[in-house]
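Think of it as A, B, C, D, E and F in the order they're written, each chain with its own count starting at 1.
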Amino acid sequence: MWIYEKKLEHPVRVSCPDPRFAKLVITQYGGPDGELSASLRYLNQRYTMPTDKAKALLTDIGTEELAHMEMVATLVFKLLDGVPAAELDREGLGGHYAQHDHALFWQDANGVPWSAKYIQATGDPVADLTENMAAEQKARATYENLIQLTDDPCAKDVLKFLRQREVVHFQRFGEILNDVQMHYASCKYYINR
Amino acid sequence: MWIYEKKLEHPVRVSCPDPRFAKLVITQYGGPDGELSASLRYLNQRYTMPTDKAKALLTDIGTEELAHMEMVATLVFKLLDGVPAAELDREGLGGHYAQHDHALFWQDANGVPWSAKYIQATGDPVADLTENMAAEQKARATYENLIQLTDDPCAKDVLKFLRQREVVHFQRFGEILNDVQMHYASCKYYINR
Amino acid sequence: MWIYEKKLEHPVRVSCPDPRFAKLVITQYGGPDGELSASLRYLNQRYTMPTDKAKALLTDIGTEELAHMEMVATLVFKLLDGVPAAELDREGLGGHYAQHDHALFWQDANGVPWSAKYIQATGDPVADLTENMAAEQKARATYENLIQLTDDPCAKDVLKFLRQREVVHFQRFGEILNDVQMHYASCKYYINR
Amino acid sequence: MWIYEKKLEHPVRVSCPDPRFAKLVITQYGGPDGELSASLRYLNQRYTMPTDKAKALLTDIGTEELAHMEMVATLVFKLLDGVPAAELDREGLGGHYAQHDHALFWQDANGVPWSAKYIQATGDPVADLTENMAAEQKARATYENLIQLTDDPCAKDVLKFLRQREVVHFQRFGEILNDVQMHYASCKYYINR
Amino acid sequence: MWIYEKKLEHPVRVSCPDPRFAKLVITQYGGPDGELSASLRYLNQRYTMPTDKAKALLTDIGTEELAHMEMVATLVFKLLDGVPAAELDREGLGGHYAQHDHALFWQDANGVPWSAKYIQATGDPVADLTENMAAEQKARATYENLIQLTDDPCAKDVLKFLRQREVVHFQRFGEILNDVQMHYASCKYYINR
Amino acid sequence: MWIYEKKLEHPVRVSCPDPRFAKLVITQYGGPDGELSASLRYLNQRYTMPTDKAKALLTDIGTEELAHMEMVATLVFKLLDGVPAAELDREGLGGHYAQHDHALFWQDANGVPWSAKYIQATGDPVADLTENMAAEQKARATYENLIQLTDDPCAKDVLKFLRQREVVHFQRFGEILNDVQMHYASCKYYINR
């Protein structure tokens, strides 16, 4: 179970509301390679990992991605905060306003709702950990694209922090993949199967 | 942000593995009215609630639903644990095994992956809280159906606990809806708009 | 079965075509909380209602929502009528024109096609009627958002009429929910189950 | 707008409940080539038809398909009527019972919810009418498959009636396609464009 | 199996990059009536065709549609080539850039990912061939719409070539439908069934 | 463009029809980690690869996956060949028969239609190649699961051949990822950016 602590993992500020950019950033909340995809992918895969260390890592990173999801939510909300309906519409968020007013939603930058089809769990630890390494690379690439799409130094700071965490997670998944492969080697796994 | 505590909100045991029932219970993990729907619905709606009390309630219940999601995951995993491939196939889980082995997945009882289309956030606190009351009713009804579909007293105990929590949440959403309506009344909200 | 009567429930006029607004209004035709969702939700739930009065109400409101669906279709069509392709493209409807020319489609304001995942039928009358009350609240909120997004008094008139009907339906679902609960109370429903 | 008349277009009876067959027949309620697809396809295409006769035909057939939708709903409901949960589960409807009890839902025979992706409206009358002719052929083929899957003469009677109506609709769409093409020929449509 | 030949079926040039138009043209790559839909529809239906001639035609056209898919991909890629992120964003492709940079994706003009729900295979050759005739009409209509949406003579040339091929395919499907119907007539198909 | 050669990459035989297994194997035709996902993923990513060698590899493997897709189609078709409707229904394919008769469809083992949400193209070659390595691991795992689910030595032979090819592709994607990273290192890519 989880305990909520009323603070963000890293502060989230914006220089000023920017609905155009909110429309893009939301993809890291509910888009294919966003934080929801990451968190649900890892928390879901825990059960079939072969070592306690691998289970713990997935739990840790899955939980941290919940915190990132909250950071992105806060970023999007601040980018929309107080922007009148007419301005939202001019900036391409008329559909968002009609359907969600100033609320957030689990969707990509085109308004396509999140789907579990974005993620996978094969029950094969090697396949799952490789999937996770790919996921971190894709999330990193998306943050790099988003950083190109804003001039706001505060928003850039948030995105750079999140990008950096993806790089760290990629490394950690690589290490645990080695571990898991050594575990199977020592179990003579392929012979027994 | 969230802190993970390595225990379940309520113990989850099964009398013996029962893949047939696992296939049904998974709907409360990744189906339309399951715990993922609940948690993501509430955590997402927090930002546009008009009072601190309403924000706090959504955070609390959204966080508790994460714990329920973990309970249902544990239940499904134990119902599948150690069951050979051929038996999974006989019990209607051949497709699950082919695609996910013994892993979990965010899907309903027919294998349809979870979609954010199941939930909504309108940014209108009255509409959102009414949506939440409906969600709790639907989750309660689903748990009641599942309780009819098993004879295992251990599994029933888990499902009854979860059903009971939905009833409590329904009550609490009802109370906060009253609160929010009084808040607007005292703001002369409808007049100002 | 249904008989078609060649008139609208309420007249639909627009001051002049306005493709930008058509793109938004279409969400009440084929979006999550639109008239198609409403009609299909109610007509589908009729069969498991416990009283004739509840069945009749769902049939009535479901049939009226078909008429609202037709009103929204007419509104969208008039907002697009005669607008050249280049102007549609400038107003954000280039994708719509490429795929549908001036035709309508069952989609939300971002072009996401309608899905039955937006609605539910649990077979539990209390849960289903609460779902319907939430649906009417969400539809009301969407109409209020749309009213903010246009200056056309004719379009506003249509939207206000439809919003008002949702409020009436909300009331009627509330009354029938009381009825159904009293019906179960008199049947000692919870004891027998 | 539509007026509801409290009778079915054609009587719907079953020899006895048959949940296994209900699971299959539901595809003509909410599956790719079912009655919902048909009705929504035709009612939606009316607006861009070039002649009053074509508009009237789409309205007529679209309205009749609503009646067929109701007939299929009644058929499915009777096939499920009074069947206990355990038997539903044995016949492959455990997932349906968990999520919908004895209620209907807009889904195909595998439990995949209906999507507007099944249908199209291009705004080109020739393309749209050809799409409709294909739709009627696909619906006919589905009814023929379903007729192979039951021995119940009452259910067969309903399905044969519906199949026959699809054949009639196919003919009528073919005639109106000729009409529309002659209309364009007389307008020198292709020259003007 | 297929052999790749490193040339396009027809040359693809653009006068200059035009991201606005790229966003629209992509619907013929991954939208409802695009080349992917066509190719996958035909290659998938081959197995249940009753004559070798029909199987061969589906294989031929299905393979040609792969080549068209590649032509549309090349067209979209050239329309995006070298366009900076900020300009993509101004032209409505900010979401595309965030999620895919300058890469292609199987999606429609609104960014909705391709789904097999767009196509069908009933196993009934008459129904399937009629579906294919409708598909060719819908593709033709979409190309005509796209031709209206650009002034670039090079892009127009590509689209006109592709439109023309759809017309040819429509004819060929019509001929093979006659053939198949004569084949069944000579088999006394309907009597034997 | 592609040339069709009328032979399979590797022979496909079955000992005898086995609809139960056909229902499972189809996931490698149209499921999340199947051959369609593979082929469309690689052919789509070609355009943004930085070296000719990487483009050629994606074209080669993407084309080979088309051949694998055809092998799986042939396998499924032979497993269904000549099986009567009633037996299909008993083996869990009643829904398939109702909707597709003996035809194939792009769907997973539960009947969920294929979606482009299963795959990604970020335009970042490192991310895309890592995604491809994960895809090959997931396909390998799925083939291993399927091999557990049949006793037919002919079907096993086909699946083992396909599994082996995935392992080879995984290696080749790993090599080209090294290549691409060295290419960027020699371009001082990260500095210039």
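Just so we're on the same page, a residue touches a chain if its C-beta (ideal position, glycine included) is under 8 Å from a C-beta of that chain, and two chains touch if they have at least 3 such contacts.
Keep in mind the model is a prediction, meaning the values are calculated, not measured.
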Chain labels contacting chain D and also chain E: C, F
Inter-copy rotation, chain B to chain D, in degrees (Cα atoms; steps of 5): 120
Identity of the chain that, by mean CA position, is farthest from chain C: F
Pair joined by the larger number of C-beta contacts - C-E, B-C: B-C
Separation of mean Cα positions, chain C and chain A [Å, integer]: 34
Cα-centroid distance, chain A relative to chain D, in whole angstrom: 41
Distance from the mean Cα position of chain F to that of chain A, given in whole angstrom: 27
Residues within chain E bordering two or more other chains: 32-33, 92, 99, 101, 110-113, 115, 117, 122-124, 141-142
Touching pairs - complete list by chain label: A-B, A-C, A-E, A-F, B-C, B-D, B-F, C-D, C-E, D-E, D-F, E-F
Touch list for chain B against partner chain A, complex: 1-9, 30, 36, 40, 43-45, 47-48, 59-60, 63, 66-67, 70, 73-74, 77, 99-107, 113-117, 119, 121-124, 128
Residues of chain F that touch chain B when the two form their complex: 20, 23-25, 27, 31-33, 92, 108-112, 141-142, 145-146, 148-149
Chain C - residues contacting chain E, complex: 85-86, 89, 92, 94-99, 101, 110-113
Chain A residues touching chain F - in the complex, by the definition given at the top: 32-33, 115, 117-118, 120, 122-124, 126-127, 130-131, 133-134, 137-138, 140-142, 144
